[in-house]
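What follows is a pair of complexes built around chain A, which joins chain B in one and chain C in the other.
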Partner chain A sequence: MSLSDEVFFVLSGGLKLLAVFQPANDRARFGILMVHPFGEEKKCAHRAFVETARALARHGVASLRFDLRGCGDSEGDFGEATVRSWIEDVRAAWGVLRERLPDAPLGLLGLRLGATLASRACRDVGPVRALVMWQPIVEGRAEISGELRRLLVQEMVSRGRAGRRRDEIQSRLERGEGTVALDGYPLTPAMYRDICAMRLSDDVPAWPACAGIVQFGRSSPRIEAFAREARCRLGIVALPPIWVRSDFIPGPSAGDLLAREAVLPFLDAE
Partner chain B sequence: MTGSPTERPVSFPSGGLLLRGILGMPDGARSCGRGVVLVHGWGGYRIGPHRILVRTARLLLGRGFATLRFDLRGRGDSEGDGTMTDLDGMIEDTSNAVGFLRQECDVGRIALLGICSGANVAVGVAGMDPGVSELVLWSVLPFKSQRPLRRRIARMRHYGLVYLRKALSAGTWARLLRGEVRIGGAFRAIVGEPAGISRGRDLKDSRRDLMSAFASFRGRALFVTGTLDPEGMEGRRIFMPFCRRHGIRAEFELVEGADHSYYDPAHAEAVVERTLSWLLDESASGGTR
Partner chain C sequence: MAAERIEDTIKKMMVERLFLKMKPEDIGDDTLLMEDLGVDSVSVFEIVVGLEEVFGVTFEDDEFDIQNFRTPRSVADYVRRKLASRDGA
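This part shows the complex of A and B:
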């Protein structure tokens, strides 16, 4: 029995955020801060993050994974979080990783909204030597619109009808009224506005030279077009969408695949 | 700060593996009186769907309960190969979690609170650990051996009709052409989630007769089910007469309009509040209702 990682709390904005530092098996040649996705996607993707961190350790890469405020085991109310406060959390976690690895180059790895947050954080932390974005959200507004459509489909499946329309929900949120539950997580008007305003292209000037996007299973034309325009590397990994498939339980082989094909090539490009 | 300052990360052994969890101790006291071990579902980890287990654990902590939410083997931050985790291993882990909470907090009475497959795990532990005096079972499922074919057909018919209606909509076809429709998701909804199979064995099945063992449970139990949860309702249809037949003190609560994971905040609130009041009701005499 052995767990080589270390669990502790990181302080950010007066809140305790749960964090897990995974040291490299040997001397760390790189350090990675892992940023999780939004809402229920985090629950689905958690084990994939853990397996990836453990596989990366075998390749000499240390990592820090942590829960943003209001998420996972961290303190805070999800309904009070904003993109700005989450960036503050990323900054705090980055500081801890830097303390742990004073000499190693550091990078950011994120999934879905976590990838977009990592991209945004390139303006706030530094120096970032690598940015790895797993299936990032390219346009926040389109993403939220898709999420609301999924919500209404779910309602239709379970109740036989959707009792409201997407454009009505969006209008209300834009007017600052009401909160919508996305898989049980409150999407407040403030968070709705924050996410709608997120555009990955805005961050490109702050990206490190070593930036890459990884897609899961199949290629999305939207992401492909974006990667071409941003001139960043594009990879694809033969795994199902780990952020929605709660029936897919990633084992060590999935972690190894993710480390080898969805992280290391983007670090070693240096 | 929100949350309790007495929550701390812990690890404990089970089946040759180390499991991770968060231990909550009221006021940091060593002796806590009552404790609750929270058990997540098959594909989740210690926080549960939409963090409902975090929220519940913190509320319980605020009411003086010691709490332990933990990751089963191969899940969350625990050790183990998740593709090999089976129901019996989960039961062993939960039994060890109960032992760990007893050792850490010197609790007198222990309740198990499980959601989805975690509720089935709790039933499995209660059948073999006489020290477990209370069970809170959210969305408990029928065990594999109890699922009649006609129910599976009824479920497929229900979701098949829903998707047929969608297939007749022009919008669905437009989204299909744009590559925005997940056909695999629709397929899984109709036929149900695939069972975890490893080396020809269904991982969600037990080698033991868990229901026979549960018949001897002499504590009390609260079953909570959403009316829009077809599998949970099937579990209720099986457990309700079973508890009556075997004299198990059980209450069966329905949450109108709720799905399997209580995604609607009002439903989640109802489940958590009912659970708290039930656990706090010291005078509960039970009786199958």
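This part shows the complex of A and C:
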């Protein structure tokens, strides 16, 4: 257990966002802002974030992890959040981290949608010395299509058959009609449009020299191809996908592995 | 050398992708995926993606029927139908 964690609120758009600052055990040689993934993936990945932050502290890296508006313990309505408002939250949290560590180089670390938000935030905050993207969403439209397919599989498991098709759901969202519950989290038409419009390649010009992508368990040809084109570093960590495996609870050893193999090499790449 | 049975390929794929703590040969052709292996909807989705990658088939949304995902044998039969449909097209 770490007694040095400091819990407080960050203000963003008039909302209080819960944040946890993890100081480095010694003088911070780097500071990292951690951006969590979407919906249920955040819940699954929570412990991995905690253990990673604590392991990073032992390696001289301070961190700030926080809940985006409408998520976790933060104020706000998940159904009213947009990508733009979440980027505003990242910017606010970044400002707090900068206040805490006025002299240390700072970087962004995100998982899944959090990685893509971190990538997008490179346009708005600065200077960013390192960007570490854990299994980022490369193409928002393809990601949403996959998520809707996962929803249909859930329906099949609970009812025997999937009762609808993705194109029907997508047409309704594109017309602005209703919302879709993804593991209980509302995917609104506004969020659907926002995520569909996200393309990691759009952000590459704003990336710092130290930018890297980390995959979990096995390599995806799609991400490999993207990393080659974007000329960013690529790593792979021998852990299950921490954002979907609620039965895998990372302990300190997993946190240490994540820190050593999925964060630190990307901070020291220069 | 004889080609691997589709059932065995599926068992290997499941053990790897679902991080099952057992050997593929410990899974029977008629083992119930949900009741005996504790496969849930997240894992079924992983199986669907794995089948598409391994066998080069595509499952349409309106083909999602739980009868095709009861056991390794039913999954293999489903894959055989998809392969036959693809190769006969």
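The working rule: the second predicted complex is superposed on the first by the 268 of 270 C-alpha atoms of A that agree within 3 Å, B and C clash if a C-alpha of one lies under 4 Å from a C-alpha of the other, contacts with A are read in each partner's own complex, and residues count from 1 in each chain.
In the analysis below, a residue touches a chain if its C-beta (ideal position, glycine included) is under 8 Å from a C-beta of that chain, and two chains touch if they have at least 3 such contacts.
Bear in mind that the values here come from a model prediction, so they are computed numbers and not experimental data.
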- Message: Between chain C and chain B, which one touches more residues of chain A when both complexes sit on the common chain A?
- Response: B
- Touch check for A:Leu152: first (chain B), second (chain C), both, or neither? second
- Message: Quick one: is A:Tyr185 in contact with chain B, with chain C, with both, or with neither? Answer first, second, both or neither.
- Response: first
- First (chain B), second (chain C), both or neither: which does A:Ala162 touch? second
- Message: If we overlay the two complexes on their shared chain A, which of chain B and chain C does A:Leu18 touch? Say first, second, both or neither.
- Response: first
- For A:Gly107, decide between first (touching chain B), second (touching chain C), both and neither. neither
- Common interface residues of chain A - those touching chain B in one complex and chain C in the other: 153-154, 156-158, 160, 244, 248
- Message: Help me check something: in the complex, which residues belonging to chain A touch chain C?
- Response: 149-150, 152-158, 160-162, 164-167, 240, 244-245, 248
- Message: Can you tell me which positions in chain C touch chain A when the two form their complex?
- Response: 19, 34, 40-42, 44-45, 48, 61-62, 64-67, 69
- Query: Can you list the residues on chain B that touch chain A in the complex?
  - Reply: 1-3, 7, 9, 11, 13, 16-18, 20, 22, 42-52, 54, 74-77, 79, 81-85, 159, 162-163, 166, 179-180, 185, 188-189, 193-194, 196, 228, 257, 259, 261-265, 268
- Within the complex, chain B is touched by chain A residues 1-3, 5, 7-8, 14-16, 18, 20, 39-40, 43-44, 46-47, 50-51, 71-73, 75-78, 146, 153-154, 156-160, 181, 183-186, 220-221, 244, 246-252
